[in-house]
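Pasting the structures in now, so scroll down.
Each of the two complexes below includes subunit A, the first together with subunit B, the second together with subunit C.
== the complex of A and B ==
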């Protein structure tokens, strides 16, 4: 019974983290209809920046966010203009984006090897003061609780942005009916650039905490995060940022329980669920309309 | 006194990719004037409007708004100049009715609540769906929302694509009456249609056939033209 509860609680925290790790990928797909295959590499770069800030200045990860978020928001804005508008002029932006960001992904991985080496690095748990947090009788490490709390706060901010601000209204308009949004005066490049910047900043923010909750940081784990994020958004619904949370919950519970009861299967079962969802409901669990594959 | 031209389309050609659909089309919409663009299915009405708005590239000629060449101006910038384009897909199904209305005036939210009240006065049926998603509206209600969004935008020029398609005569009349509200406000309009009910609000009529202008004249001249009369106003 205790293992079952352990898996249940752990999966909640995984779900919070995975949500924030994958959310940006879905935001970009929803607004721009492109797939950022370098999503995981931005997460890794965020992780390296947090480690550097901790090593150099003793910043704990929450403090590091004050640096990581604006830096990666700016990187996203700067990358948007030379890359994305050209992609959208191509005959098949989705496929073109696959190819282009595949290249970006490998370039970033190579850059990370040059800058940080290939060895695994992690933030130290003792960056946080120990606090006693007990969920269903299970005592959680402080770093995990903070990771989950920051993830939930980030989700709330994204919800606020999308549903309570004028910019969010325009962002949703682009997701729903791009042509009509243009006719209503929405500056597609401006709104998309901001969404792209948010997406990169969200990925990097997840990266700040990734070494606590998932894998130690290395240049090669970007692909793993891209794959996990992609699976999550397909399970939830492509193009619907809030459905990411549903996808993350499904993925996290599949991962969390198999990790406890059949660890060898923990990297297989979530993807079997992904295949099942694609076969049974290709539009994703919260998708309204079947996508054409 | 001569009326000022709001929209001038001069020898305009457009189409999809290498396929040219509209050939050397010219038209003028003056202030407070409505031009009805008639034509059968496939005549190029929608293509012409999309070309004017900028969804399709100009292959020749020019488009002028209030004397300014806007042929290559971005679509969102045209909207900010006061040009509103509406087609039957001009709604956001996953947004609430109120959000749809708000999207029509994102760049000018002055007196938003008064405008919403006005829309609900014209279309009382919409009011009860104020906070509901537009995806739940019937076809007729969606058309009302499209026109309601135009009322919200208070455009300086309205380009309206087939507002009556798929509607019953009762709903069509309701739509023309609501367009009369816009006309009373002095809004210049270019309306593409197959339904001659809309001649009630038009001063000028133009007929397109296979992407070319085959008639251009006043509403009464159109009614007197034998070919147009039999094709669009019924044989009699």
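== the complex of A and C ==
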């Protein structure tokens, strides 16, 4: 019983974390119809910045967010203009984006090796005091609870942005019909650049907490995060940012339970579920609504 | 150039491969004009609207809005300068509510506060007869309501030149009547309008001034009552024998 409930609770934490890890990838695909294969590398860079801030200034990860979010938002905005509008003009933006961001991904991995070396690094659990907290009789690392809380807060902010602001309304309009949005005066580049900036900032924010809840940070781990994020948004529904949460819950429970009951299968079962979803519902679990929200 | 022209279309050519869809079309709109653009299927009416609104770029010729060249500008830039359109087959943002569709046009590319838009949104919804559907998903509207929403969205951007593409197509008589009445209301708020139409009875309710296109060329320009007597126009619509 205890193991079962442990897996259940841990999977909730994983689901919250995986949601913000993958959300930005889906936002970019939904708005721009391109795939950012360097998504995981931005997550890793966010992680390295948080580790550097903790090492140099003793910042705990929540404080580090005040630096990481604006820095990566700015990086996203600056990268958008030289990269994305050109892709949109190509005959097949989706395929071109695969190739372009594949290159960006490897360039960033090489940069990370130069800057931070190849060894694994992690934030220390003792950045939070106390190190453990008890919730409903379960003792767990404070870092995990904070990770989940920050993830839920980030999801709420994204929901507010998409569904309660004029910018969000125009962002959703762009996801539904690009030509019509342009005819109605929506500035495609401004709205897309902001979405791209948010996407990079979300990935980097997930990176701040990634060494607590998933893998230690290393230059090569970015590919794994891109792969997991991609699997999650396909399970949920490609192009529908909020369906990411559904994909993350499915992925997290598959991962969480196999990790406890059959650890050797924990990196296999979630992807078997991915294959099953692609075969049974290629549009994803919430696919019917992929372009209607 | 006549200094008073709102929109000038000068020698517009548009080709799709070897097909010349527009072969040097010219026309001019003055303030207050409503121009009926008529012609058989495939004559180039919608292509011309697409070129003026920016969905297509011309291969030759120029477009001037109040004397300013606009033919290389993106659709959203033209929309900001005052050119907007409706679509023959309307494409509302189907997953959004009717009100949200209007809000996008009212925001018009600004990042403003939607709460400030309430009064104007209500006025436009009322004009289009869509008040009671405000919170309905646009995808659930019927064809006539979607066309009204399309027009309402275009109006919300406060266009100076409105291009109306076959609004009456697919509507029954009473729906087409309602649309004609609405267009007469709309003329008060825009500087000039081009109304593309296939249905001749509809166009004469909206305007007297028409341009007739055939195979991408202007074959008649003048009053509607003269157009129906014109031999070239009759030939295009009825065939060489004079027809039925």
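We take it that the second predicted complex is superposed on the first by the 281 of 293 C-alpha atoms of A that agree within 3 Å, B and C clash if a C-alpha of one lies under 4 Å from a C-alpha of the other, contacts with A are read in each partner's own complex, and residues count from 1 in each chain.
Operating definition for what follows: a contact is a pair of C-beta atoms (placed from the backbone, for glycine too) under 8 Å apart; a residue touches a chain by one contact, two chains touch by 3 or more.
Since the structure is predicted, the reported quantities are computational estimates derived from the model, not experimental observations.
Q: Following the overlay on subunit A, give me a clash-or-fit verdict for subunit B and subunit C.
A: Clash - subunit B and subunit C, as placed by superposing on subunit A, overlap.
Q: Does the superposition put A:272 against subunit B (first), subunit C (second), both, or neither?
A: neither
Q: Between subunit B and subunit C, whom does A:176 touch in the aligned arrangement: first, second, both, or neither?
A: Both partners, subunit B and subunit C.
Q: Tell me which touches more residues of subunit A here: subunit C or subunit B.
A: C
Q: In the overlay, answer first, second, both or neither for which of subunit B and subunit C A:184 touches.
A: both
Q: Could you say whether A:166 touches subunit B, subunit C, both of them, or neither, answering first, second, both or neither?
A: Both: A:166 reaches subunit B and subunit C.
Q: Does any part of subunit A touch subunit B in one structure and subunit C in the other, and if so which residues?
A: 166, 169-170, 172-173, 176-177, 179-188
Q: Could you list, by residue number, the parts of subunit B that touch subunit A in their complex?
A: Residue list for subunit B touching subunit A: 53, 55, 74-76, 79-80, 84-86, 89-95, 99, 102-104, 106-107, 153.
Q: Spell out the residues on subunit A that touch subunit B in their complex, using ranges where they run on.
A: Subunit A residues touching subunit B: 166, 169-170, 172-173, 176-177, 179-188, 288.
Q: Under the stated contact criterion, what part of subunit A meets subunit C in this complex?
A: Those in contact with subunit C are residues 165-167, 169-170, 172-173, 176-177, 179-188, 190, 289, 291-293.
Q: For a test of understanding, state which residues of subunit C touch subunit A in their complex under the given definition.
A: Interface residues on subunit C, with respect to subunit A: 53-55, 74-76, 79-80, 84-85, 87, 91-96, 100, 103-105, 107-114, 137, 139, 153, 157.
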